[in-house]
Every structure is written in C-alpha cells, then in structure tokens.
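The structures considered in this document are given below.
Look at the two complexes coming up: chain A is in both, with chain B in one and chain C in the other.
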Partner chain A sequence: MNKVTQWWTEERRAYLLLVLPAVAVYWAVMAFPAVFSFVLSLTNYNGGVIFNNPNIRLVGFTHYLRMFNDRFFWISLKNNLLIMAVSVFGQIPLGFLFAYVIHRKLVKFGDFFQTIIYLPCVISTIVVGRLWQSFFSPYGPFTKFMQTLSPGWENELFIDPQLAILPVLFVILWMYTGTYMIIFLANLQKIDPALIEAARIDGATEWQVLIRIMLPALSGVIVTACILAISGSLKSFDLLYAMTAGNPARRTSVLALYMYDTAFRHSPNYPLANAISVFMVLVSFLLIVMVKLTEMKFGGREE
Partner chain B sequence: MLKKSMFVLLAFLLVSGVFVPAALAEEPIKITVLNYFDLTSPGAEREINEVWYEFSVRNPHIIVEREDLFLEAFHQKTEAYAAADRLPDVIYMWPGGRSTSLHTLGLVKDLRPLLGDDAKYYQEAVLAPQAAGYLAELPQTMTSSHALYVNLALLDSLGLSMPETYEDLVAIVPVLKENGLDTILMGAQDDWVIQSCLFSMIVGRLVGDEKLNQILAGEAKFTDPEFVGALEFYAQMYEDGVLHRKIMNTNYAEVNGLFATGRAPFMIDGDWKVSNFLTDPTTGEALIPVERQDEFMMTIFPAIPGEITKASSSGVVGVGFGMNAKIEAGSAKEAAAWELIKWLQGPEVQKLRLETAGTIPSRVDVTSDQLEPLVIERIRYYEDILTTTEVLDNIFEGDVYTPINIGLQEIGLGFATPMEVAERTQEAFDAWFARQ
Partner chain C sequence: MNKIRKSDFHPALRLFVYIMVAVFTILTLYPLYWLSISSLKTNTEFQINLLGWPQRPTFSNYPTAWRLAQFDTLFVNSIFFTATSTLVIIVFSLMAGFAFAKIRSKATSFLHGSFIIGILLTIQSIMVPLFLMSIMVGLYDTRLGVLIPYVGMGLPIGIYLCTEFIKSIPDSVVESARIDGASYFRIFGSIVAPMAKPVAVTLAILNVSGVWNEFMLVNILVSRDALRTLPVGILKFSGALASDHGRQFAALTIGLVPMVIFYLIFRQQITKGVSAGAVKG
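== the complex of A and B ==
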C-alpha cells in the first residue's frame, strides 16, 4: 500500500493526465488501424461485416506472397523509389538552395521569389495534376511548343515506359520544393547573424559560411525534412491519380495507387490491399530509421 | 341538453382536430441515396430541379438524403460502403461491370417482384437478369458501349467518304496524316475505355458470344485462336495507323473537345458520349452547336476481315437504381425506396434524360418533340446495329477482365504480344474459376 502511495505521486498523476489523452488519440487513429490492417492482411476477408463474420479465417502470408509475385507491385515500388529520390535529392537540396539564396539576400526581390516558389503548395493537388496533365498531353501546349522547335515531333513522354514517370517527377519537384524552402528559411532565420558576421570578418568565404556554419546548424532540420520527404513519397497518390491514374498500363503507378486499385477497382481484394499498406508502413519505418542513424553518425552539430 | 350536446360537439371537434390529422399524416421516412451525377454536365440543373426536387414536392413524407458523386469517386465510395456493410437505401448501379460485387454479394434486392405489372411499361430486353441472375437495378436505358462518331464535314472537306470496310479505313489513313490529322480519337488513359468501347466490339465480331460463353463455362480458352485473333486484329490497328498509341495519354474528357474541333474525323466511345456535345440549358452553349450537329453521325465500326458477326456492336442494358437488400420486405421504408426508384425510371424523368442527355428510354411510353439532332442521331444509330454482343467487363469478373484492360494498353504500347495477354488472362481466369 505504501509502495502504491509512493508511486501514485502528484507529479505522476499530472504526467498521466497530460499524456494519456494523446496516447489514446494516437492509438485510436494511428496505431490501432495499422495493427488492424496487419491482421486483415492475414485473413480472407472479402467485404461485409468484419466482426462475428464466420466466413473470415486466417490465411497466413498468402497475400504478401501474391503481392511479391505481382509485376505491378515492383513497378509501383520502383516509381515510389524514384519519387523518393527526387524528393530527398531534389526537393530538399533545391529547397535549401532557394532558402539560402533568399535568406542571404543573394538575389533582389526575395519576397517575390519566396511567394512564387511556395505558390504551388497552396493549390489543390488535383487542380495541379489536371493542369500538368493537360500541359503534357499529346495535344497540349508542351507538344505544340516542341513541334514548333521540331516539326513532326510526337509526344511520347507518357508512353515510353522509361520516360512515363518523368513528367510526374518534374511536377513533384515543382510542387513541393517550396515546402522545404519555407522550412529551411524559417530555421535559417534562427541562426545568430553575429555568428555569420564574425565568420565573414575572419575571412570566411560564402561557401565556407554555408558548409561550416549553415549546414551543421541545420542538420536536425535536414533530417526532419528527409523524414517528411520519405513519408510523403511513399504515400504519393493524389497527384499521380489526377495526372495519369497510374497509366499507361500501370507504368506510372505507385504503391498507394496500386493499393487503391486493389481495394477499390474492378474486383476488390481488401486483404491484399492491407498487405500493401502494411508493406508501405514497414518501408517507411525502415527508411526513417536509416535517416536517423545517418543523422546520429554525421549530423547533430547544431548546438 | 344543449350543454350536453355542445360538450359532445366540442369534444368531437377537439378529437378530430388534434388526433385525426396526426393519424392520417404519414410518418416521414428517410431514404439515403448514392447518386452518380456529373454536376458539370449539360442539364445538371434541370435534373436537380425536375427530378430530385420534384420528387420531394410530390412525396413530402419521404425525405431523400442524396450523395452525388462521379467517376472514380463514386466507385470508391460504393466499394467502401459495401465493405463497411453500410450501403445506402437506394444506389445507382451498373448491370455488371464496376457494380458486380453488389450483385454477386447479394447486397441489393431483386426488383422484379416489386415491379409486378409495371413490367409492361418497359422494353423486355432491359428486364433481363443481370450479373447475378436477377434484376438488381431497374435500367433507365439500353447502352451500346461502342459507337463510331464521324465528323462528316471534315471527311467531305478532305474529299473522303465514309469507309465501309476496315480496308477502306486503312486506305484513308495516309490522307489524314498528310493533313496533320489523327484517324480515330479515343480518351483511353483509363484502362477500361479500350476494352469496353472498342475491344468488346472486336471480340463480338471475331469471337462471338457463343465462344465467350464457352470460355466462361471453362469449355474454351482465351488462348484459343479466335480470341488471340481478336487481340492480333487490335494490335494490327496500331500498325496500320488506324489507332495511335497516344490515345493512352489522352484523358477521357479531353477527347470531347478534340473531336468537336476536328482533330480527327472519327472517335470511338460509348453511345453515352453524345450527351457531352449537347446544349447546356443553363448556358445555352454546346461543344457541338445545334446548327452544326447535322455534320456529325454515329455508326458502328466498319466490317472487319474474317468477322463472324456482321454489323454488331457491344452493349448492355443500362444503369439504374437498386435497393439495399437489408431493407425489410413489406416495410414502409421499402415502399418509400421503391416509390423513389419508380419515379427515377418514370416517364417524366426518362423524358427529361432523353432531352438533356439523349438517353434512349428503357420505357415504351416515352418520347419527346424537343430533341437535338444528335439525340435523334443516337436513336437512329441503333438501326445500324444488327446484333448486340457482350461487353467483356459485364460478363467476366474484375479478376479476369483486369488483365485484358491492362493487356490492351500493353499491346498498344508494344510491351506485350497478343498471345502473352491471352495467356495472362487465361491464368487469371483459371485462378478465378478454381475459386468458384
């Protein structure tokens, strides 16, 4: 009894009071659906009532095997990795570059460029997708422009399997770079200007300021940006859906679209769709762990 | 005595005034509806006012809670409702295809017993059993999933005439190319379009329904020469320049404007596409204005070499509304839901759809004198069809037709051969057949 009283302190009660609501909400909207999705992926559930349904039984990892044997799974995964590469190695460096240039006032009209670069982020993704789909259409402005340069040019961008994803990657780069620019810009403003000023007085070049002061100071932010980019890349759906719907012949599909097709189009297969979503969560988790390990090894010098 | 009489009279008035109307008034019944509705289509405003609002006026005791969705959003919501076992009371559905699971899982009622003697108002063909062998939805129309739209004025301006055979069609390809035009437009970015609007017709012509039914029964195979031959003919269309693979990068809606502005003399789509060219009553504008509509015609694909079915098109009975199977038989809710379904396929509504969308009525008692030339053309177009054959996604399950849908795009892009697509389809069919 005494032990219980000692454990049940006011501080602990306050701690639980503050933490439990967040834990409950997290469990309800994040953890439980993820666990439930995993359980469903091991069953033969085929719609209808889930609880007390006598026809539902466990079938093991059958759906995972089917997923790994499906060529469209690998096409989708490859496209996801390409999007991830563009996000991590395209959006983040470009976002940082733009933020740096604007923050250091290396160009005039910084506010104007900041607005222009960030603007795509505030437009509906569906609108952006349809707009760029029309732009890259075989009958669209891009084709017309290329035909003025090279008469008879045929727009094969979305048709060649090697090139079909390129317009999508370009739009992803165009659309989301502004988000990272804003993140970096906000954090660059937190760096003490006196530090940069002192470095400049000591003879540091702009490049040395960037490498020796700015980047180390932002290593934590870069990791956060990488996590956002990776998780965002894996759940890419709306833009692709609006631009290509995963076609032609599913060559521009990604895991989320592949999951959507499996769950909601033609003949729904919910366990397989859940297996795909579980795989997406695991890949996302694995990649984020890798980013954190990289940061522990090379970063963490912002203090 | 007077006092007593007055008391009785007052008591009677009180009772009749308070209780009788309450007893006579019908209890409000709420009906939820999932409706497939393109709010941007010509005639959308008329539909809201003259269909849904008018029903509420005529049936004040039925409260309709309607959810309007269109294209993929609609199908996604339908599947989500079905998966969650929370289907609305009344739902827009297809006789098969994307609605197959509603039929086969028995999520909607057989409407035939409710229809009763009213069946006499409908064309016999539209009341045929649907995907699961019963009347799951009351069709509002007959639908031909294949139609060849022709820009006659454009053909005339080039000195060309309407091709009667496939060879005639191939012969005019160079002329069109010289003039910077495409031959046939299709908005085939979505993979169902080629299968539904073109390949099903080719299968009907070269394979025939009898063979298809043998495949369905497991007595023949997709890898048999007839089906592979149909795929080979489809592949040949690209080699002959009749089709261009950029159709797979053309959005389904984008093709409307391209055809209306003369980007090619031909377009292949379903007969429903005609509604996109009609006048929008709210703006008075049309992609093809009434005065130009005579320059266009609808027909079927020219004769294909080796065809066993002449002058055929692929088609199904059309879409309509079904009723949630969970609604108790004989209940007031069932009566209210049926009242709504009857109204939605009633003469007033079908007349409206005929005028605004050119939808061929499924009823025998509907006509109108306010039809645009293209609607009249759509009615005439049915005279060109000698035989209506199956649409593949209407007779096969999604597991089976999905490899065909994707395979048709792959053939067009040169990623797969006809035999490879046939083998993949047969493999998918065998897996499906084994589960039955």
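== the complex of A and C ==
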C-alpha cells in the first residue's frame, strides 16, 4: 500500500463528502462575499467586467473617508443607535417583565398573553410596516384618537423630520419585545423549582428570590439578549423600507437603508455601498466583543 | 409548586403589570381588527367610516386584490423557496453536523468555526457583493440565484444546532455500528438522521418563518414578476395602490393569515425553536 491510499481512508472520504455540500454553499454565498465586500470597498469597481479590466484600481480608504463626510451616514448611524437603545433598554426589560410575571403566574391567562405578545414577531415585517404606516397616517385610527383628545390636532408624524422616527421606534418596541419574552421564559423554566422552594421556606421574599436567584441565573441569557438586540438593531431594514422608506428627506434612514440607497437607487455607487457594509460588520463585531468583555468583568457568576 | 404570596407584591405593582400586559395585547389585537374590518369596506365607505364596523360588509376587495397582486404566483414562489431551502438546509446541516460531531478530523475546528462566525453575519453585510456575483455568474433573476443564498444563510445556525445535538448521541452508538461493519453513510442514514428528528423540527420552524418573511434578498436578486415572493409582491402592490384602501388592506390580510395560522398551530414548537435559536455570540 502506498502513502496516498493510507491517507485516503474510508473515514476521511466520508468526512469530506459529508461536510462538502454545506461548506461549498456557505463559503460561496456567505464567507466569500464578506471578504469580497471588503476588497471591493478598496477599489473603484462599479459594476461591469471584473477580470482583466484595466480601469479597476485600488483606491485605498477613499470610500471610507467619503462615507464619514456624508451627513446621511451620520443621520443613519444616529437612527441605528436610537433603535439599539430601544432594543436594549426597552425590549429586554419589558420582555423580562412579561416573562417573569407569566412564569410566576402573577397575571391570569398567562398563556393567552404570551401568545398575543409574541404574535407580531411571526407576521411578515413588510405587512407589519404597511399596517402601522396606515395606522399612524392621517386617515388611520391614531389620528382619530388624538383628535378626540385634542380637537384640531394635525397629523404631521410622517412629514416632520424630527418626529418621523418615533412611530418606527414604537413599532420596533412593539414587534420584538415578544422575542425576548420567549427567550427569558424558556430560561426561567430551566431554573430548578426546588431552589426557589427552598429559598421561600427559609423565608426569602419574592423580591429576594428575584434578585438573588433568578437574575444571577439569567445573567448569561441577558448577555445573549443584548448581543441579539445589538446585531438585530444594526440589521433593521425591512420595517423602515415598508414604513417610511427613509423619508421624509432621508431622516429616518438607517445604515442598511443608506447602503441600499447607495447601491440600488439613482446612480449606483457599489464601492461606497461595500464600505458601508464593512463598517456595519465591524461595528457589530466590536459591540459584541464589548458586551462579552463586560460580561467577563462583571458577570460570570453562573455556570 | 411554590405559590406566590400575594402580599409580596404591592397591589399598585400588580395593577401596573396588568396594565402593561393589557396595553400590549390591545396594541396587537386592535390594529389587526382594524385591518380586517377595513378590508371589508369599499373605498367610499372607508372615507366616511374610518373606524366603525362596515355598514355593508363586502368581500369584493379580496378577489380583486388577489388578481391584481398575482397572489397565486406569489404563493407558489414563497412556498417553493421556503420548502426547498428548509429541506436542503436540514439535510446539509445534519450531514455536516454528523461529521463534525462524530468523525475525528483536524479540519473540524476551522470549518465548524467558520460557520459559527457566520451566525453573526447578516444579509446586509453580503448583499452588495452577492448582487454583483449573481450578475457575474448569470444567476441574477433565477430561482437558483435566490435559493442558494437562502441555503447559505440558514446553514450557520443549522450546523451549530445539529452538531450540538449529534454530540449528545453517545459515541458507543456509532462505534458499535462501525464494528458491525456499517459505513458512515449507512450510520448517518439509518441511525443518526432518524434520531435527530427534534433538531430537524426546530430547524424547520426557524427557517420557515425566516424565509417566508424574507424580503431584502429577493427584492435585490430578482426583478421578474414571475419570481416575486409574498413580501415583495405585497409591498409593490400596496405602494402602487396606496389610496385604494380596501384592496390594500385585503392584500395585507391575505399576506398575514398564513403565518398567523402557522403560528397558532405550531405555537409550542415555534417557542422552543426561538429560544434554541437564540445562541448568537
């Protein structure tokens, strides 16, 4: 037997054939494009032939500089940060509150409430966006409601650049709180009931149980929830696309929408769009590393 | 089970909790109610009767919206993309997960790790290069050109969940089958895959709700009417007929109903799937 056949065992062949389909597809449509995006962001390639094209040059970080000098970049980034704040400080605490009261049976019909609160997450974001756009529009129930409170109220929600982001933030809070509720609920159910029982017998109050047992047991989940919220808020696209399309005057734009506009509206600028997407990936990795470091410093009491 | 002592919670606090839960419930049910009753009104009635129950409920908006938005095409495409991508993702993830979990190889840490990083990658970060690539290789505006990215996007979480699950199957199961002379493919087909049914269900749930509602990718990779899916078609229809309220709301209702039914049937599994899928980081 020569060396090649010794190496080419049935085990190796099976391994290769088993992982090949997944690796090939994943590397072709995820891993490669991610790297490709970075390479393209350093060139002036703007569509057309890519191989043996004498006009394609490396231009360094020109597009990144252009991006940082674009006011719409900063408007979009600010909106992403607002969405992130709503997610981390709105969805997560509310999701925890709902999970807690349902798990500890502080409200009746917990099952019913759980079903309804999670419902928005399963509906298509496009449908949700169009529905709430109508809801907040001058002919929608919101206008009627405000007009009964103060007659003569003018609905300028989607016209006023200062206000237009508010309905979006509200819908985001409404839509994804259910996800965090489900995550917390599943993890609350994993806590050993005997542990809580014992604490209660020893005379601990419900508050002490919450602060001393439940929150520490959930610290890892809270970190995961924060990471989900951060990467989720950087992803926001569909809802804004359907609700405002970034208007009025691109004031409700977010990074993903800014990139989309750069690449697919008016005259396409692919290198700039690639620079924006690389920036988004870097920010999301950076924020996640920060969350992880915070966890290592302050948390880590469980497991 | 330990009962909560009511006295532990101030009545005002309990009231606050009830109000919060009730507000969220109303905020979900009322817009859906408003949407469905509005879809039963003609435009003339909608203008004079914004919020009330329709005086003469009519279903005539539905057939018109169905025809104008070409809902039969949209449904066929959405079902095709969702079913095919889900099936392929499950098979590929189980295969790779089996190899990663049960066949020793030096390549595993690198390959498996590359998928884990992929959990954090979003469509946004690869959207522009994917679009450019699909034009270069001639997959723009084709079914395959949408299907392959869908499979690629579902694989990271699929492989993570499958590897973890198959690791929990005792090594001795595989080893004794090896001693009996079974090939790895045989072990996969007749032992591992049947045992992995729970993780396959979780994956199916996660992927069905993800792909069915996916908008951005189809919107970019496809321009032909014949390849549009529900979210893309609904948005286009509702943008073009923004002032035609009755039909717009009928179209939104048609888009909403399948997922709501899916949710009400598979509520338990969806809940389980979501918490299992929440492993980012």
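The rule is short, and it goes like this: the second predicted complex is superposed on the first by the 270 of 303 C-alpha atoms of A that agree within 3 Å, B and C clash if a C-alpha of one lies under 4 Å from a C-alpha of the other, contacts with A are read in each partner's own complex, and residues count from 1 in each chain.
Here is the rule we go by: a residue touches a chain if its C-beta (ideal position, glycine included) is under 8 Å from a C-beta of that chain, and two chains touch if they have at least 3 such contacts.
Keep in mind that what you see is a predicted model, and the values were worked out from it rather than measured.
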Side-by-side fit of chain B and chain C on chain A, or clash: clash
First (chain B), second (chain C), both or neither touched by A:265: first
Touched partner set for A:205, first chain B, second chain C, both or neither: second
Touched partner set for A:23, first chain B, second chain C, both or neither: second
Chain B versus chain C as contact partner of A:40, first or second or both or neither: second
Contacts of A:154 with chain B and chain C, given as first, second, both or neither: first
Of chain B and chain C, the chain that contacts the larger number of chain A residues: C
Contacts of A:120 with chain B and chain C, given as first, second, both or neither: second
Touching partner for A:139 - first (chain B), second (chain C), both, neither: both
Touching partner for A:253 - first (chain B), second (chain C), both, neither: neither
Intersection of chain A interface sets (partners chain B, chain C): 47, 134, 139, 241, 260, 263-264, 270
In the complex with chain C, residue positions of chain A that touch it: 10-12, 14-15, 17-19, 21-23, 25-34, 36-37, 40, 47, 50, 94, 97-98, 101, 104-107, 113, 115-127, 130-132, 134-135, 139-141, 144, 174, 177, 179, 182-183, 185-187, 193, 196-197, 200, 205-207, 223-225, 227-228, 231, 234-235, 237-238, 241-242, 255-256, 259-260, 263-264, 270, 273-274, 277-278, 280-281, 284-285, 288, 291-292
Chain C residues within the chain A interface of the complex: 1-2, 4-5, 8-9, 14, 17-18, 20-21, 24-25, 27-32, 34-35, 46-47, 50-51, 92-93, 95-96, 98-100, 103-105, 107, 111, 114-115, 118, 120-133, 135-136, 148-149, 151-153, 155-156, 159, 183-185, 188, 209, 212-213, 215-216, 220, 230-232, 234-235, 238, 245, 248-249, 252, 255-256, 259-260, 262-264, 267, 270-272, 274-275, 278-281
Chain B - residues contacting chain A, complex: 72, 75-76, 79-80, 82-83, 85, 98, 100-101, 105, 189-191, 245-246, 248-251, 254, 258, 263, 397-399, 401-402, 405-406, 409-410, 412-413, 415
List of chain A residues in touch with chain B within their complex: 47-49, 133-134, 137-139, 154-155, 157-159, 161, 241, 244-245, 247-251, 260, 263-268, 270
